[in-house]
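In the two assemblies presented below, subunit A is common to both, partnered first by subunit B and then by subunit C.
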Partner chain A sequence: MNQAEVTKLVSQLRIKVNSRLRKFRNPKGPEERLNKLRKTVTALIKHERIELNYPRADEARMYAERLISDAIRYGDCHKTTMEMADYWLVEKQLIHKLFKVLAPRYENYTVAYTRMLPAPRSYPGYLKAVLELKGNPYPSLLPDTHTNRNLIHNVLLDEAKKAYRMQKYKEIANKVEDRVRAEAQAAGAQSSQPVDVKSNTENAEVSESSQKELNKEVEVKDK
Partner chain B sequence: MFSTVPKPCIRSISNRVKGLTSLYNARSCTSHAGKRADNMKKNMTRYRFIYPEFLPDPKIDFRNPVREMLERNDMIARRHQIDIPEFYVGSILAVEASDPHTPGKVQRFVGICIQRKNCGLRANFILRNIIDHQGVEILYDLYDPCIQKIEVLRLEKRLDDELLYLRDALPEYCTFDPNMEPEILPEDGDVPVNPIKVKLKPRPWLERWERKNLKGLQDLGLNERFYERARAVATPWEKYDLMKEYMRTIPEEEQNEILGEVQSKLQKLDVTKKRQKRKRVFVKPTKLA
Partner chain C sequence: MNSLRKQLNCITSKSYIKTITYRCLATVTEEITRQNDIFVAEQQRQKEEVGRIEKIEVQYEGVPANETLVMNKFLSTPYDCAKHLGDKIRDKSVVALLNGETLWHMHRPLPDSCRLELLHYNIPNPAAVNKTFWRSCSFLLGAVISDAFKDNVNVQLHSFPSPNVKSGSFVYDVQLSLDDWKPTESELKVLSIEMIKFCQKEFHLECLDVSKDIALEIFQNNPHKTQQIPDIAEHNGDKVTLYKAGTHIDISKGPMVPNTRHLGRITVANAIKLDTDIPGGPIYRFQGVALPAAITLNHFAYSILEERARILNSARIPGSQGVDNEDNSFISRIAQ
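This part shows the complex of A and B:
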């Protein structure tokens, strides 16, 4: 049981934090552990997507998240944050990327900045993972389920759209009917003349324009 | 929000950040709600240091939100019974506690707080003094029901977070008069830091103080080989271990949640105390003889 340190404040990480840190195999001592992770974090910041062994990816992910969250929280004028960036990014041009590209990119994020996905194993028992920064320029690794019409939410959305359309058509049909009836009544009252062709064409035009409106409405709803 | 260390590393961003900060300040100054939020924030920063035991243990294995909440409630309940003042390592305290070996009596001990440890109901502190040429240390649990009164005689901080080296220091550095009068500080000021440098007795010591990077020690006067060894076993890379740092602390969001709750409860406690004080009427002593 210890008291929490309160001299330096940190933001909460949006990923699951392991209860203890992995040691890895370090013939050169505990300093080497950080050196290993340093290389991975640098590569992640540089390439934005890397494939590597699972334990290293899981460990490096926490460090990368911490580095980015500190960069967002304290900015580049904070001495300790700058020192951290200087230590963790072996290639020094990446310090600029961290503060100028990644910090603005993730400023308004409410979720984790990185994504880790399982990758195919090279050998049974050896897990692999893909670690990537969110918002990277590469094509997505996850299948695009957005356009799959058979997914339940898409099916439901389609049905809802159809129902909405039907309702609108019915409304328009009612409107047209009402108008025709009203005109017929007016004509009967005037001189009991038969309805001329012109008014019929007008009616058709009106229905066409209302059809367009309806389409627009539906589009807006879709959006 | 952002500290302004005068070392602009990337100028454009720093300027933008500065602009944002000034904008934020301006906005917060104009609106009343903003002012209150600012006040709250300032309070929170103070609370972090005044009530460190309200924050839970940062070790993930020991976390249990329900237990923590219950413990906090118990701590507040205890604070309704006695007044636990603000104090730090290096402050001089007088504690009155009842003792199972002397029933019906109260023992008063005056000493310097050399360590504060643990959190929740287990929070404790060590007082040290030299009495009759004999170093005496008592470890008190902060929320122990045996404690009847805690009085701060001198409120100050020292250069280090722990003063365990006073055990190896010359006796004049931890000898305090048991009949000391409490010193009064100005109401709204920072807690003063005592920059005193302590002189240690010659070796042997209880710990290898030269390896601990202590600020409050005078020159130790050791052989060069001791410092060499200290340099060899030092772990300067540990300060770069971001996750270890994260695991030693509680994230700010969580701290604010906990301290906000504690703050509201303690303010209520203050109000009730004030009301009770007002209620207490002067009773004229009756003549007995």
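This part shows the complex of A and C:
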């Protein structure tokens, strides 16, 4: 039972890994296939956004993801990782970029480091794709539907948020009311004035703290 | 319908059944045919009435470039102008804005030379577009409801209130001959699917101004609409504006989206019995939520919208006193 867990030996990628690798058309054999992919991975690390044929993009993405995740996992003092970087990056100055720029950038990511989007086809049947590193300095390829709060889905979401908040406030108000009522009953026949003042101040404290709680809750929900 | 299909199954081969069921059973009742005949005849008459064709100049403002188009008076629509500007613009425009102030349905002929802007969902302030979309959703919901129930349920469309996106749901108030109906999950799902199917047929939403008499003739079997029509006509220069999608015809002030394919995600969220004094049976408020196909939303966020749409919409509840259709005039100012 003292076996290492196989799944933890290599870093788990956050993209779908194809069960079968593509061969591509290579008169010079499998080595040439890797040379092609090296070129693509190098270009991706260098330019951070490239447009190319879909199969090559899909294939190169897996190698790029693995390279970056290894760089994050082992750092630049690990011999095997350095050798891999040396192999996959044709232009050697990019090795510095990998360990000093990309690894810190992606350290805390919980999602994939690359993004692949379908691009317009040049000819029917020939799929194209854009492959990019996340967090690149270029303007986004996807339309921005978030900042404009007047768009229909944002209007609906904002109103839903408002309604949710109102409902929560109401619940809290009810709770406080119940508590005050219970206290008043407990006080019973005792002189009513001091009790009233006390309950009022308590009431204010409770509502403040509950509002904080609520704000936290709502924020969490927003995220 | 199923039993009829079974009977037909005994007699004929499968492919033949398909055509027959499609032709005979697919919703086209006598009443609908009658309404459509009147509508189409009137549309034809209005087209022929134009007579000698005059030219107008339409100055288009917007992407890709400002242009001047020479179009036909009383014949060309903003949709025709959009066709000249390219497929992309034709497909994404929702509603036209004439001279910077009047919202104009895409399939409504232009009466005069004008400045033309085409609005879509992704502009900086799309309040008017959203309203248009919401109104179309109500209208299409009516189309689906009038068709979805079995023959033993009497369905009379009543009206829908002025569209309010902030309320979280679009609404259609319908009179059903069901006493205390609470829709189950699966019933609502079926309604949603029916609406999606209807929208996938990609019907154009046609628009027509008709006189009071013709409107009364079209809606002679609907007591509520018959009651509403005189008042609507009074506020609209003795005209009633009708909209048609597929075979469904309804009254609305407009404007609407040009095609049913504009609707992307659709959910019919709830049907709630209303407390009203309208004679003839209980009124149910059907509610739903939808998003344009151009706007994608993740399923979690959409489920929040769905949840909210289940709560009773606070729009005015129709009563026997006063007309509560939203249609007072066709032209809706952008300042609304």
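Please note the rule applied: the second predicted complex is superposed on the first by the 142 of 223 C-alpha atoms of A that agree within 3 Å, B and C clash if a C-alpha of one lies under 4 Å from a C-alpha of the other, contacts with A are read in each partner's own complex, and residues count from 1 in each chain.
Following the convention adopted for this analysis, contacts are C-beta pairs under 8 Å (C-beta built on N, C-alpha and C of every residue); 3 or more make two chains touch, one makes a residue touch a chain.
Values in this document were obtained by computation on a predicted structure and should not be read as measured data.
After overlaying the two complexes on the shared chain, residue contacts for A:173 are found with neither subunit B nor subunit C. Of the two partner chains placed by the overlay, only subunit C lies in contact with A:150; subunit B stays clear of it. In the superposed model, A:160 makes contact with subunit C only, not with subunit B. By the touch criterion stated above, A:182 is placed in contact with neither subunit B nor subunit C. Within the superposed three-chain model, A:141 lies out of touch with both subunit B and subunit C [touch as defined at top].
Set against each other, subunit B and subunit C touch different numbers of residues in subunit A, with B touching more. Residues of subunit C touching subunit A in their complex: 121-122, 124-127, 129-130, 133, 165-168, 289, 291-292, 295-297, 301, 304-305, 307-308, 311. Considering their complex, residues 143, 145, 148, 150-153, 155-157, 159-160, 163 of subunit A touch subunit C. Within the complex formed with subunit B, the subunit A residues making contact are 1-6, 8-13, 17-19, 21, 30-31, 34, 62-63, 66-67, 70, 74-79, 82-84, 87-88, 96, 99-100, 103. By the touch rule above, subunit B contacts subunit A in their complex via residues 2-5, 7-10, 12-14, 17, 48-49, 52-53, 55-62, 116-120, 122-123, 235, 237, 240-255.
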